[in-house]
Amino acid sequence: MDEAQKATIEESDTGRVEAFSDGVFAVAITLLALDLQVPHPSANHSARELAAALAREWPSYVAFVTSFFTVLIMWVSHHGFFKLIHRTSARLLFVNGYVLMMTTAVPFATSLVTQYLRLPGAKMACAVYGGTFVLISLGFSLLLRTVVSDAGTRKPDVTRETLDCVRKSWRLGPPLYALATVGAFVSPYVTIGICTGLWVYWAGTAREF
Amino acid sequence: MDEAQKATIEESDTGRVEAFSDGVFAVAITLLALDLQVPHPSANHSARELAAALAREWPSYVAFVTSFFTVLIMWVSHHGFFKLIHRTSARLLFVNGYVLMMTTAVPFATSLVTQYLRLPGAKMACAVYGGTFVLISLGFSLLLRTVVSDAGTRKPDVTRETLDCVRKSWRLGPPLYALATVGAFVSPYVTIGICTGLWVYWAGTAREF
Amino acid sequence: MDEAQKATIEESDTGRVEAFSDGVFAVAITLLALDLQVPHPSANHSARELAAALAREWPSYVAFVTSFFTVLIMWVSHHGFFKLIHRTSARLLFVNGYVLMMTTAVPFATSLVTQYLRLPGAKMACAVYGGTFVLISLGFSLLLRTVVSDAGTRKPDVTRETLDCVRKSWRLGPPLYALATVGAFVSPYVTIGICTGLWVYWAGTAREF
Amino acid sequence: MDEAQKATIEESDTGRVEAFSDGVFAVAITLLALDLQVPHPSANHSARELAAALAREWPSYVAFVTSFFTVLIMWVSHHGFFKLIHRTSARLLFVNGYVLMMTTAVPFATSLVTQYLRLPGAKMACAVYGGTFVLISLGFSLLLRTVVSDAGTRKPDVTRETLDCVRKSWRLGPPLYALATVGAFVSPYVTIGICTGLWVYWAGTAREF
């Protein structure tokens, strides 16, 4: 990609990057529902037995809700982040790509947890789940660092204070998700608890946006 | 998320929330078609036998059409709702997230019905289907309550009368879907009848929008 | 849905309907690729044998290309159609919903053809494929009729001549797809030939749009 | 499609083509993650054994990352390309459709590689993978040729130099992907190496866009 093309692209707004990111977030968040499995149809299942079979799938529902709202919070943060900038750079585009890639892996990590939660492999499954979010939250930190280091990409009216505020709120992610990852080896429920707690906290503190 | 970031986001329009919601609705509505199953290919199937095998799948087609138009009506209502507001709030964003989450579960509930409709578990499957829409219609009520209680989010020209009209039209949802849920234990066809009736009614009364 | 809400919605442009439709078209067209099946991995497959296994899947590739370009042409026509209007109506919204619903069924019909093309059920599979497009092309005719009968929805500068031109070009669809459906009982290749011929023709005549 | 309709469409901007393309890219890139398979749950799997089972899946992860960033680079190039034009033509629309069609086949080609990488069919699987990108990069060349030959579609301020720059950067694609295809028969790792090298190179040289 050469100077001339770079120039052409440089002057672009961030609209199409946001549209593409929204598309990836929307597809990834919807694919989470593919993990809700219909119990294998059996001619012997009475209504009561089907209810019991569905009830036994509760880890799917917990994981579905937690992953859905976590991806939703990520989308909200992503949205808030793009409000800070008015220009993309190649570096930003690829860091953003990395965040999107890890986001598309969330349904896989979620499926791993729901399928292994009541098997001996549960601790490892939850560690992978936590680890996925460590990698995502590091991606968000990188996004922010890109904007901090390159004043040209951010809007002129974005103050250093605003950036500090965003950074402060995002700073919770990597260490707490790391704790959720390590904590999986104590109990899978430590991971689920921390991950659920985090999105409830973020949802609760984000009073008006 | 801090004051400064909140301020940045607060001034945003509702465009990206609508784009994201449209994406989720579009993916969820298209995934309904994954429930249309190709009969297992058999070298012995004559054309006539394949036709019979496809005909036996009629519950899939009824459920597909009913779910598709129900989600379409939901999207239309969602669209109409966002016409009332010009600003999002954290609360609205999460209520909207809840509505979207339940929407992505519609293909699962639909699949449950089509796979169990002619088995003893049919009543429970239909109750889950009805229950999913109870939860969705309650989400829509919550969306409306958010806007009623927070004048700052709605457009200045939206009168209380308009809000009352929307509320009146949406009020049908929760009780009738609850009836469809309970009615499943009388017969699965009560559920399908009420759910189909509701979208036909909404489609018929929505003469110009 | 009441008068007040109707009024609110009526004044809207067609942007969000197009965005939603684009989303459904984009997801449906991409799901066609799910029908490209990886041959079941076998430790005994040499490179040559894998090549042969892939080559045996040629009906998948033909059906994939034909369905992809047919849906693409449909999207182009849809796009062209929405250039004619500046306002939606409830009727238009639901006819559009019907077109989208049938579009999401195209991957199912395509899968039916690829799985049965070399089995005795091929004629029936191709008849279903042709029939799906009959239903879609009738939906497009209905879209046009909606605009012809309701002058309020179309842009002021759209002349009756333009409408006639669009109608003339779309008029080919229903009878030729009906022929493709009936022709399936002569030979499945009649269906594939007509369907492929139609999109090549439409692509060829649409010189500048 | 007749003159009048053509005229109507001709005056359109490229917005909806970009939106549709973004949708297809977003869905296709997200479907890559469906290839990340959860190891078949086994009650005997200890955490350690699950970790080993996941580790054995490393070809999936390499292929996932390579395909994801390759599609991302393709999307970036596509984005850059549409910055050059302000009008679409039928020819451009169909060449674009071809590029999108091949893009939706990338998850299939990726799946082929991950499932066969450690089986005797690996060379053929990698040749198909490389071949898919040969076909895509030829599509991009065709896109460019369309704009070069039709001055009416490109923006007035796009100079021949800009076009030459884009062409120079894209020219690497076809021969190197062809090499990756042929090289598969030497070793599958030649294919993976070249394909990974190419997106790293394109990402590295695209400093600001």
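Note that the chains take the letters A, B, C and D in the order they are written out, and that residue 1 is the start of every chain.
The criterion applied here is as follows: a contact is a pair of C-beta atoms (placed from the backbone, for glycine too) under 8 Å apart; a residue touches a chain by one contact, two chains touch by 3 or more.
From a predicted model like this one, the values you see are computed outputs, not experimental measurements.
Peer 1: Between copies subunit B and subunit C, what's the superposition rotation on C-alpha atoms, in steps of 5 degrees?
Peer 2: The C-alpha superposition of subunit B onto subunit C needs 90 degrees.
Peer 1: How would you label the subunit A and subunit D contact, same or different, if same means the shared numbers make up over half of all numbers there?
Peer 2: Mostly different residues: under half of the interface numbers shared.
Peer 1: Starting from the mean Cα coordinates of subunit A and subunit B, work out the distance between those two points in Å.
Peer 2: Spacing between the chain centres: roughly 24 Å.
Peer 1: Centre to centre, by mean C-alpha position, how many angstrom separate subunit A and subunit C?
Peer 2: So the centre of subunit A lies 34 Å away from the centre of subunit C.
Peer 1: Quick check on subunit B: which residues sit in contact with 2+ other chains?
Peer 2: Residues 19, 23, 26-27, 31 of subunit B each touch two or more of the other chains.
Peer 1: Quick check on the complex: what are the subunit D residues that touch subunit C?
Peer 2: 1-6, 8-10, 12, 16, 19-20, 23-24, 26-28, 31, 88-91, 93-94, 97, 100-101, 104-105, 107-108, 111-112, 115-116, 119-125, 128, 185
Peer 1: Provide the residue numbers of subunit A that touch subunit B in the complex, in ascending order.
Peer 2: Within the complex, subunit A touches subunit B at residues 18-19, 22-23, 25-27, 29-34, 36, 38, 41-51, 54, 64-65, 68-69, 72, 75-76, 79-80, 83-84, 158-159, 161-162, 165-166, 168-169, 202-203, 205-209.
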